Amino acid sequence: MGEKVAKEVSIAIADAVAQCKVNVISAYPITPQTHIVEHLAELVNNGELDAEYMPVESEHAAMSACIGAAATGVRTFTSTAAQGLLLMYENLFIASAFRLPIVMVIANRSISAPISIWNDHSDVMTMRDSGWIQTFAENGQEAVDLIYHAYRVAEKALLPVAVNIDGFTLSHVIEPIELLDQELVDKYIPPLRMKYKLDPKKPITMGAIGIPEIYTEAKKAQDEALKASYRIIVNAWKEFEKLTGRKYQPVETYKIEDAEVALIIMGSLAETAMNAVNLLRKKRKKVGLLRFRLWRPFPMRDFIRAIGKVKAIGVIDRAVSHGSTGGPVGIEVRSALYQSNKRPKIVNFIAGLSGRDVTVEDFIEFFERTYEAISKKPKFSYEIYGAKE
Amino acid sequence: MPKAQGLVSWKALAPGMFILESGNSVEFKTGDWRAYRPVLDKEKCIKCGTCYALCPDLCYKKDKNGYFIPDLYYCKGCGVCAKHCPKGAITMVLEEA
Amino acid sequence: MKFMEQRSKAMRAELKKFRGFNLKNLPEFEGFAPGHRACQGCGTVLPLKLALKALGPNTIAVSTTGCMEIISSPFPYTSWKVPWIHVAFENAASVASGIEAAIKVLKRKGKISKRRKINVVVFAGDGATFDIGLQFLSGALERGHDFIYICLDNEAYMNTGVQRSGATPYGAHTTTSPAGKVIKGQVTWKKNLMGIVVAHNIPYAATASPAFPVDLMNKVKKASLVNGPGFIHVFSPCPTGWGCKSEDSILTAKLAVETRIFPLYEVIDGKYIINRKIDKPKPVEEYLKLQRRFRHLTPEQIEYIKKRVDEEYKKLVKLSECFGVES
């Protein structure tokens, strides 16, 4: 077992990527993920990582190069945020349709306009339909563990994986992190062997026209593959627990078993919310917390099981879906619950946009407002919380 | 129940909808497109290979005597070979109906 | 400076070893299969076929979205006999960069024999190169990947119905630069892509025309022999889009060279070499009158074209004199 060392989370992530013996890295700077690609450049240029480091000329080129390299059968990595993610948008859909095992870290940041470098989830929430496996990290250790997990899952399921970390609030903080020993990494992530790749010895055609007579079948095949990846993802976490003792599940809950009211929050704000839960629990309030670690494929069964007998749910979104029936997570939660027999009341807040602090007091307020919803239906389907009137 | 219109079952597709059999367009008959057909006069032909080099449809093949013979299964009748033959050995003839 | 000179010498020695193809003895290899859906007389698929023939089977091809991709890959058929990938419209150069980087790594790790040469070639249209893909081309050239970029220039966005691109020549009628009553066709001169590419200091850049098939094949082969990016700008006639007879497509490619509109030259390590000196150019009208897209040109427009074509040719001659090869 390794030892816990205080490291900036971005640096630790880069170290983990290097341990995974990545072959091609395409790098483009964008705040706040830049430290990851910078550290990878150091590792390559110091001879500590044998990989091709491509300083590309845009994020679109970064994802294009990853597609080309992955199609040739090598392990790839890139990292981006906000505007960068949006710039590579058309390639995201192509990468998943081509079933390429690319791993990408997204340091979640607001999307323009107004231009802002601070943290929220608006960037990743735009790629819900992209066909990528998506996971969210809450703290530095989890971020690193999700990297190892990402490579194992990507290469088994043959689907690209996006690991999300909160920009600045997670990417730039120093936390005690333990990297796996190299032998364990090698055991957990076997060498990449792709059956279908660009090889003059076995020529194949990638990217043919999807005429109407085949497009539906192609999409169904892709969709089934993403749904089937759930098993692979869960088994990979079970395998990880055997190696390290750290247990990860698609949905993470905190004191929800006997809770009457629960909040749903994604990413590192969950740690602040836990403090609020502890405070309210001291006052004998039955409150709990739920967090999606696995976002895509949406862990429907785990989620429905986890909310147990909760009477009201407050969904705290960190992105706006303008003119919609809720924030992105709120929409998905409502949709998932509607298909089950459970009918808790749902309140949807949008908070923490672009790095605005969400404090323990705010979370207590969310809990109180959610309690109110048990008896009185909320007036609005979602509320942008804390906007100065 | 909608009539399934797909070419093949979604289960039969290679991942990524890759086409695994390279060059299988040879099954597709583009010869149906033409209105004119190239006719070779072997007396004039000097076996230079210009028609073979310039055919956009890869129709020409060398026979055992070194003459280049057009493959009418694919020939679209564009007339480039006839136009550029240095000895005028190829004539474009109207296809019978 | 000394390093550049040595690279130059070594490279030119390597290129000298290559004897050149011969029309009587062209390689038998075909990287492209018949049964593709190109138009009759397509002058764009012809250079593609010739390039693959020159490169041989150890080749990975990347296409941009465009005519060549559409005609070659209608599911379930494919005309590609070499491994091929099509990702999106603008990014073939970046995809090729990724493939080249992957091959480098696989060679270092011993998964592919270091002695085995695998060509990575991009087939891109003019729209994909001059316009939407310029950034990607520039990045790939600057990073110095060992690949070949072939721009099949048919002077408009042909696949979507003949819209103008940065490569559309002055005066040409396209659907987005139509010959109207007030404005008659394309108002700007064709973008000087070779100038942009040569500014990246790549080892090999050349222009080629399918009317000179052996010259085209030689250039593609040379681009594959150099260590670093090779760029070929291919003049690719489109009878459908240009409004000429299908049998005249290659003739226009010949006249374009003989009228000095599209001179054939190479730039090897920054040194300009004109392959075919046109001292007595054919009149530009002979080229223009074959194509309906130039039918509307006024005498003033034709005068301007003549003057400008001559000017550009003289500039090229000056470049070959200033930055030519001594030997």
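Per-chain residue numbering starts at 1, and chain names A, B and C are given in the order in which the chains are listed.
Going forward, a contact is a pair of C-beta atoms (placed from the backbone, for glycine too) under 8 Å apart; a residue touches a chain by one contact, two chains touch by 3 or more.
A quick note: this is a predicted structure, and the numbers were derived from the prediction, not measured.
Two chain pairs are in question, B-C and A-B; the one with more C-beta pairs in contact is B-C. Ranked by distance of CA centroids from chain A, the top chain is B.
In terms of their C-alpha centroids, the spacing between chain A and chain C amounts to 43 Å. Annotation: 24 Å between the Cα-based centres of chain B and chain C.
Taking each chain's centre as the mean of its C-alpha atoms, chain A lies 51 Å from chain B. Shown for chain C are the residues in touch with two or more other chains, namely 73, 75-76, 78, 80-83. For chain B, residues touching at least two other chains, in rising order: 7-8, 17, 19, 22-23. In chain A, the residues that touch at least two other chains are 203-206, 208, 210-211, 214. The residues of chain B lying in touch with chain C in their complex are 7-8, 17, 19, 21-30, 33-34, 48-50, 52-59, 71, 73-74, 76-80, 82-84, 92. Against chain C, in their complex, chain A makes its touches with residues 23-24, 26, 50-52, 54-58, 60-62, 64-74, 76, 90-91, 94, 198-200, 202-211, 214. Of all residues in chain C, only 57-60, 62-63, 69-70, 73-76, 78, 80-88, 90-91, 94-99, 101-106, 108-109, 118, 135-136, 138-139, 142-143 touch chain A in the complex they form. Touching chain A in their complex are the following residues of chain B: 5-11, 13-20, 22-23.
Contact residues on chain C toward chain B in their complex (touch as defined above): 23-24, 26, 30, 32-43, 45-46, 49-50, 72-73, 75-83, 210, 213-214, 239, 245-251.
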